[in-house]
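First comes the structure, then the notes that go with it.
In this document, chain identifiers A, B and C correspond to the written order of the chains, with residue numbering beginning at 1 in each.
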Amino acid sequence: MQAFVDQLIQEGYFQGLPKEIIYLGAMLLAALVVLSFFVAPLAGITSWLERRVWARMQSRVGPNRVGPQGILQWLADGIKNLLKEDIIPSAADKWLFVLAPYIVFVGFLATFVVIPFGGQLIVADLNIGIFYLLAVTSLVVVGILMAGWASNNKWSLLGGMRSAAQIVSYEIPAGLSVLTIIFVAGTMSMQGIIKAQGWAPWDWFLFYNPFTFVAFFLYFTAALAEGNRTPFDIPEAESELVAGYVTEYSGMRFLFFFFAEWGNLYVIGAIATTLFLGGWQVPPVTDNPVLIGVLQFMVFFLKAYFWVFVAMWVRGTLPRVRVDQLMSACWKYLVPLSFVSLLGTAAWMVLYPKGNRLASFGMFLMGVAILLLFFKRVNYQIRHSRPEIYWKPYI
Amino acid sequence: MSTLVEYVGNVVETVTTIFEGMAITFSHFVRRPMTIQYPDRIEKPVQEMLPLRYRGILEVDLDICTGCLACERVCPITCITIGIEMNKETKQRSFSHFDIDICKCMYCGLCAEICPTGSIRHSQEFEGACYNPASLVRHFVTEPVPLYKPKKGGETDPKLVTKVDIGQKYLDEFATPEEKAGGAGAEEG
Amino acid sequence: MSDPVHAKSEAFHTEDMTISMGPQHPSTHGVLRFIVKTDGEVMREAIPDVGYLHRSIEKIGEKVTWHGYVPYTDRADYLAAMFTNQAFCMAAEKLAGVEVTRRGEFCRVIACELNRIASHLIAVGSFGQDIGAVTPFIHALRERETINNLMEEICGARLTYNYIRIGGVGYDITPETCGRISEFLDHFELIVDEYNRLLSYNKIFIERLANIAVITREDAFQYNIVGPNLRASGVKWDIRRDIPYSVYPELEFDIPVGTGEKGTLGDCYDRYIVRIREMQESCRILHQCLKMLPKGPAIAKVARKFKPPAGEIYVRVEAPRGDMGFYVVSDGSEYAYRVRIRTGSFTAMSLIDKISRGLMVADLIALIASLDVDAPEIDR
């Protein structure tokens, strides 16, 4: 984006203004556009979609009254929460209590700077792109700890402590899986990683070698744990700690935490797509740059959103792990396995410096086989319980 | 070595059971949701979907009520209040008030079972919410109504025949004891 | 001491935290309160505080006629209302010497076993929800809705039935309803299988429950635990088999007993899986009852003003939460002299403090859910 602004300055659009002011103005404008036109509706619609997806998995219908098929439910929720009384517990630490949601929000929003929406659609293509992402998402720990402490409530404190332990521990498998991909791609910049992959599935890093395949699932699990999603949603475990670290929050402050959580799902999906699934790469069908741009944006969005859907699906299926099992799962299972995948990938790269297309193709076929096995199980399930079939996604 | 086997076994078992669970929840996407979207997106009103024996809010048909006060006596929670007064000149007994407090009512069905004509019965109504507790007491007597005298050999008045039939049909739903000759230990109360 | 928890507290001065898992909590199965002293995540003690749902049901028995008390017994445990009805009616019948008709006995067993399935569905469903899996809970409730519809067809109410009366049952079961019960059973056996595959065999679920909160045989006897909790500790005791009543001697069914298959004998997983197996056994009983249902009246002739002779009696039935006992004293009048209800959940509450020493807070939730305590039963 900086190149674009420089081009505009050279063409003489902003006379008399110092360069810093123009940059500042451009940054604010970009932030405003991304925030209000992309992130806010996205988080809102994700919340609606999550409720609908959950509901269909549970044989019921989710919200479907507000707007066509209930798609404006998030607006109604937002307006309702804005109109609520702002309660701050009298014994709570007021400034920390007020500041905590904003820190969580900053930690989540700052990631949108480097998300590559399309070939040219990236706010800033930092050459430490993915490293910056890992660093910035750790800000939420500070926010959650502040929320837990400042609420002056033992339940919130327990939730905040658990969350700090959880997020900090799961940084490691996430970081190691990302490192595996950085080894293969050779660069930390997001656009660079995408350009190192191809548009065909067997050119994606997911199927590059068996170790990156494992690294993907490790990354996804670790990212779910960092985003406080089931099966790792202990900090906000509804049935144990009432609501964990958000117990004392009400109204819009409460929504801020959940806004960050749903938006974070998209960021997880976006990182997973960039690193493992080939990002916005599309087969070269046309020469028209606008059309290609739109196609790239759509492909990236759909791929990232698919993982959002998978996260919702996992949330509806699995029970919660206990906090010590969470720690042991991280340190005893995920960290050794991610080290194994890292060293394996390094060894693979020594063996096959240019990559082994045959092995990639083999991994791709294995992935397709797993998918087919999955649908066979689904079919067995449907035939076995003989329910009434209803294909339409809306009701 | 056995710990390594156990380790790998744990990982494999986790992955396979999660796979199974996700297949089951995915299979639910193609099933019909069980929700009945009451009150506006249903084909026929819920009241018609309820069975005949449904114990909804009580209703009284005063035209066939004999004033025996059996329902008032049997109610375990004293939600029925009946008043009968006698007109001194005509020696005609009539109801002065027949109140049922539906917020006290336990919906147990004992009053409906004991009624000889079936005039007090549970309707299919269940939407009784209102803004004011006083309006939860249903008053069934607006003007003094004379008591009903059941006629031997069946009812002949055409206005009352359908009502008597409806009451009798309601009473037939209850289980009837067998009639033993001599009635072992039975007393009519 | 080599115990890391205590060693740490000698080095630093740490205090125990007293938390009130208060009456309003999403997962204490009704209004129960626990005063929990924890050291971080590990609990030192968990003292139950009961009485938030006390409604003086036992005292009401002295003011209401015998027939009129039956609807009140529904509310003593509204998830297993048929069993309380049946226990009280059996007590009254034994005092007065009334013989229940054969068809009435079979209708009673059908209604009771359907209610047992419904109650166990709530137990396993809310167990799943407390552990974090929300989908199986809704699936269990979906099945329970069908049972509620069946009960609505039979007796007109969905939760507080007032179906079992002194002398038999209040309404007869029509052949159409029997057909619908068969259809439901055919569908339900497949659903239990699916439920198992979704939840019971899930590794995360098993890890949460295996080896947690073990209740040994001796503990179970000393604290007078009954029902599926007792059977999960390896004791094969079921009132339907050992102190038979009604037509259970003629029916063929097994008693599922915990075997410690995924951990130790008597842990939370055993208590859970015993309930799933009991649901399957109830299906078997229902199939037999529907085939054996005789013709005849469904209720015996009982006086309107029921006055049993003076005496006292203790009657036990196998309710889903254990041994439900009714101790009824009659003095010959039309009101009972004393009604005392003995429930399985009340004694289970006394065990929670002992077992929960050393568990984590999350395990306390699993323990309460696995004991299937029910606030209306505890407080009456």
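The rule we apply is simple: contacts are C-beta pairs under 8 Å (C-beta built on N, C-alpha and C of every residue); 3 or more make two chains touch, one makes a residue touch a chain.
It should be emphasised that the depicted structure is a prediction, and the values quoted were computed from it without experimental measurement.
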item: Of all other chains, the one whose Cα centre sits farthest from chain C; value: A
item: Contact-richer chain pair [A-B vs B-C]; value: B-C
item: Identity of the most central chain, Cα criterion; value: C
item: Length of the line joining the C-alpha centres of chain A and chain C, rounded to whole Å; value: 43
item: Centre-to-centre distance between chain B and chain A (centres being mean Cα positions), rounded to whole Å; value: 53
item: Cα-centroid distance, chain B relative to chain C, in whole angstrom; value: 26
item: Sequence positions of chain A contacting 2 or more other chains; value: 57-60, 316-318, 381, 385
item: Interface hub residues of chain B, defined as touching at least two other chains; value: 10, 18, 20-21, 24-25, 34
item: Residues of chain C touching at least two other chains; value: 135, 142, 194, 198-199, 202, 204
item: Complex interface listing, chain A residues touching chain C; value: 54, 57-60, 154-155, 158, 230-231, 233, 237-242, 316-325, 381, 384-386
item: Complex contact set, residues of chain B against chain C; value: 10, 13-14, 17-18, 20-21, 24-25, 34, 50-51, 53-55, 74-76, 106-110, 113-114, 122, 173-180, 183-189
item: In the complex, chain A residues that touch chain B; value: 55-61, 313-314, 316-318, 333, 337, 374, 377-378, 381-382, 385, 387-391, 393, 395
item: Residues on chain C engaged by chain B in the complex (per definition of touch); value: 64-65, 67-72, 101, 104, 135, 142, 145, 152-157, 160, 162, 167-172, 194, 197-199, 201-204, 296-305
item: Chain B to chain A touching residues, read off their complex; value: 7, 10-11, 18-35, 37
